[in-house]
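Naming follows writing order (A, B, C and D), and every chain is counted from residue 1.
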Amino acid sequence: MTPSVTSAVTDGVRLLRETVCRLHAELVRYGLVAWTAGNVSGRVPGADLFVIKPSGVSYDDLTPESIVVCDLDGDLVDGDLAPSSDTAAHAYVYREMPHVGGVVHTHSTYASAWAARGEPIPCVLTAMADEFGGEIPVGPFALIGGDDIGRGVVGTLRGHRSPAVLMRNHGVFTIGADPRAAVKAAVMCEDVARTVHVARQLGEPLPIPQTDIDRLHDRYQNVYGQR
Amino acid sequence: MTPSVTSAVTDGVRLLRETVCRLHAELVRYGLVAWTAGNVSGRVPGADLFVIKPSGVSYDDLTPESIVVCDLDGDLVDGDLAPSSDTAAHAYVYREMPHVGGVVHTHSTYASAWAARGEPIPCVLTAMADEFGGEIPVGPFALIGGDDIGRGVVGTLRGHRSPAVLMRNHGVFTIGADPRAAVKAAVMCEDVARTVHVARQLGEPLPIPQTDIDRLHDRYQNVYGQR
Amino acid sequence: MTPSVTSAVTDGVRLLRETVCRLHAELVRYGLVAWTAGNVSGRVPGADLFVIKPSGVSYDDLTPESIVVCDLDGDLVDGDLAPSSDTAAHAYVYREMPHVGGVVHTHSTYASAWAARGEPIPCVLTAMADEFGGEIPVGPFALIGGDDIGRGVVGTLRGHRSPAVLMRNHGVFTIGADPRAAVKAAVMCEDVARTVHVARQLGEPLPIPQTDIDRLHDRYQNVYGQR
Amino acid sequence: MTPSVTSAVTDGVRLLRETVCRLHAELVRYGLVAWTAGNVSGRVPGADLFVIKPSGVSYDDLTPESIVVCDLDGDLVDGDLAPSSDTAAHAYVYREMPHVGGVVHTHSTYASAWAARGEPIPCVLTAMADEFGGEIPVGPFALIGGDDIGRGVVGTLRGHRSPAVLMRNHGVFTIGADPRAAVKAAVMCEDVARTVHVARQLGEPLPIPQTDIDRLHDRYQNVYGQR
């Protein structure tokens, strides 16, 4: 860790490494990831840093210490392992979207199937209206290795209610105020991707009027859960 | 707890909190719920009260003490947390259906897919005749936040053999003599929703004559299990 | 236990209760059963008896002691609980097929979906040729409560290579030389029912010539496993 | 073990038996195998030997000691149990492909469904480009019991980027530099087989240009993971 990192930040990093390590187990529990194909990151409070999964490490072998720290250019700042190969995309989101505190990337089956067809998931479930406020949009086809994926994620989600984007022929990126919220969005994205897929297999789901989608989304964002 | 609650009721509440807490694990085990999207409630014997899941709490974190007590208007009577955002619907069912001792709500995948198309599940399996006595019906589209969902559930299930209703574009509500029976109905509803969906994917399931459905339902309700 | 039961039989019953209790966990592990809907039985060596699951008891709550003993008319001979409501069908199989030492019944999803359409599963996988020696046949629609189901199972499987039958609009019965072999057949039946269903969703599976099916079946029955 | 086997080889065999035993648990975890239908093998460093699962033994019962050692003709060299009935196919691969250090065979559901139709899996996901470098090819129909399966595997994979082949009407064989890489290929093969199947159920996936597939494959083979 560079000397510029204060002890408050050091504590924040330690806690965040534990949180982000633990949240990867949720990706496994909900069947969103195979082998090592999925990652969670979280922005360090009060610093231009984020923590992220190391590349190619099994979820079983993840420990808080193995989680690496990067700056907002995606360069390694602290940690013994190489960061996730998706680090540049996460970094781009943190640079461009200051309100985002957590990012998740998966290739979860049903969401990736919609992404392979380049088709947004229509909002035909009240749970989708609640969580996504409308359809889940599709982002562009983009190659890994530069800012293309990050630019596609940000360009699609900016100004959109949905915290999830289906990157064409690729998979899902979700954002949230913190890593747990981004993981929740990834879990709910796959859940509604599957239910709407299954509904569509035998006919057309009934539409929900836009005014009802708006009311459901507004209520859920303001009333649900513990205050 | 208000002074009007006797010690017998207090004991009943304590036991019911344990039961209802434990039954949420069955929703998880059978894959009926993602994140926190599903809830079980149970009527307190001898009192106009029911217990229900707190809003937005993870199934892992549920304890008997965290389960809240509400009156039949859905207002919190005992507990430290806000009740489930579906509490009004549960309360409506308990007010209008005195024989109901347990209510379950989920967004389980296959049942919700039928609900998204607004299509009842036809009774083409002997297990469906046993448990549901015919098709599983569809209730109206209804917004959360008042009595609309509860009214839709009760209006559909009153006078119907089925303990499960598919609420349009939403999910499932099931009822039972006690919370365990309602959870069983939720588990079996998803099971038959999936099997009939799979059957329909490759053709038309064969119908079961109504007289056979009636005989199977009658036998199952009166002979199955331990007496 | 009646006085006619010798101590060798008593030992056999005790071991068989343990085996049959434990094998129910395989039905759970492979997702073949929801709630209490599936059962395993085993013939007692050297006696006109079999052991079977008690009716309506959760798989979690099964113990060797809770497994009941019945005679070949399906009447309870030993045990504190009522036998499975499918006992008459198991008893019929043991009466009519002396080489059968184990019977399993489930409503596993994909097999039951084929059964709901009344359609046999075509033999388009080498693993199906190995285990079933051809298609998995469909038995008649039959009501519970007498010998009709048992008669349908035996009438379909007698002289057939397949140890599994899809009972129309109902589910699966499998037979084996012992309860473990019948459980294996139930597991493999659902496995091939699912794979062939998935194959058929996007086109027609390629046929396997009958002579190759015969060779595969013959080899598997005589060479596979430890001798 | 024959006298020609040195103590370095003996150590290698011991470690490899542990590795291969443990890797079978990954097949179970990812749901690639039912009952005993799937096996992992690994080439012994510095010797014309490989270790493989014994035939018909449950994954629960596998121990490092139960894993058997065979020569490259597939004949048993060390071990108390009969080797997997697929041993001849593994042996053929080790004989013909000196760079291969691990082989896996499964009947995983979605991959076997493509195999039943004799249809290669098109490369419409970036994860497929990464791991397989293009489509996953189909090998010929071949009977067990001689070199036919091994010849089909080698004939299809030689000169192909994909480490996985769908053997017609049968299942999957994967290869890798070591057994862990072959298991990863088997896990990823089923993952993409399922996602592309689901995508195809509701329309046509969008193609990925060959130049992008090439770039993705090249990058993944050279950059991903820890160096």
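The criterion applied here is as follows: a residue touches a chain if its C-beta (ideal position, glycine included) is under 8 Å from a C-beta of that chain, and two chains touch if they have at least 3 such contacts.
These are the chains along with the protein names UniProt gives them: A, B, C, D = L-ribulose-5-phosphate 4-epimerase.
The structure presented is a predicted model; accordingly, all values stated were derived computationally and were not measured.
Asker: Are the two sides of the subunit B and subunit C contact the same residues or different ones, given that same means over half of the numbers occur on both copies?
Answerer: different
Asker: Farthest from subunit A in C-alpha centre terms, which chain would that be?
Answerer: C
Asker: Could you give the separation in Å between the centres of subunit A and subunit C, each centre being the mean of its C-alpha atoms?
Answerer: 45
Asker: So the centre of each chain is just the mean of its C-alpha atoms; given that, what is the distance between subunit A and subunit D in Å?
Answerer: A distance of 32 Å separates the two centres.
Asker: Can you pull out the residues of subunit D that are in contact with at least two other chains?
Answerer: 201
Asker: If each chain is a dot and touching chains are joined, what shape do you get: line, ring, star, complete or other?
Answerer: Topology of touching chains reads as a ring, each chain with two neighbours.
Asker: Which chain pairs here would you call touching?
Answerer: Listed in label order, the chain pairs in contact are A-B, A-D, B-C, C-D.
Asker: Where on subunit B is subunit C touching in the complex?
Answerer: Where subunit B meets subunit C, its residues are 30, 124-127, 184, 187-188, 191, 194-196, 198-199, 201-206, 208, 212, 215-216, 219, 223-227.
Asker: Which part of subunit B faces subunit A closely enough to touch in the complex?
Answerer: Those residues of subunit B that touch subunit A are 34-37, 54-57, 81-82, 85, 107, 109-110, 112-114, 116-119, 141, 143-145, 168-171, 197, 200-201.
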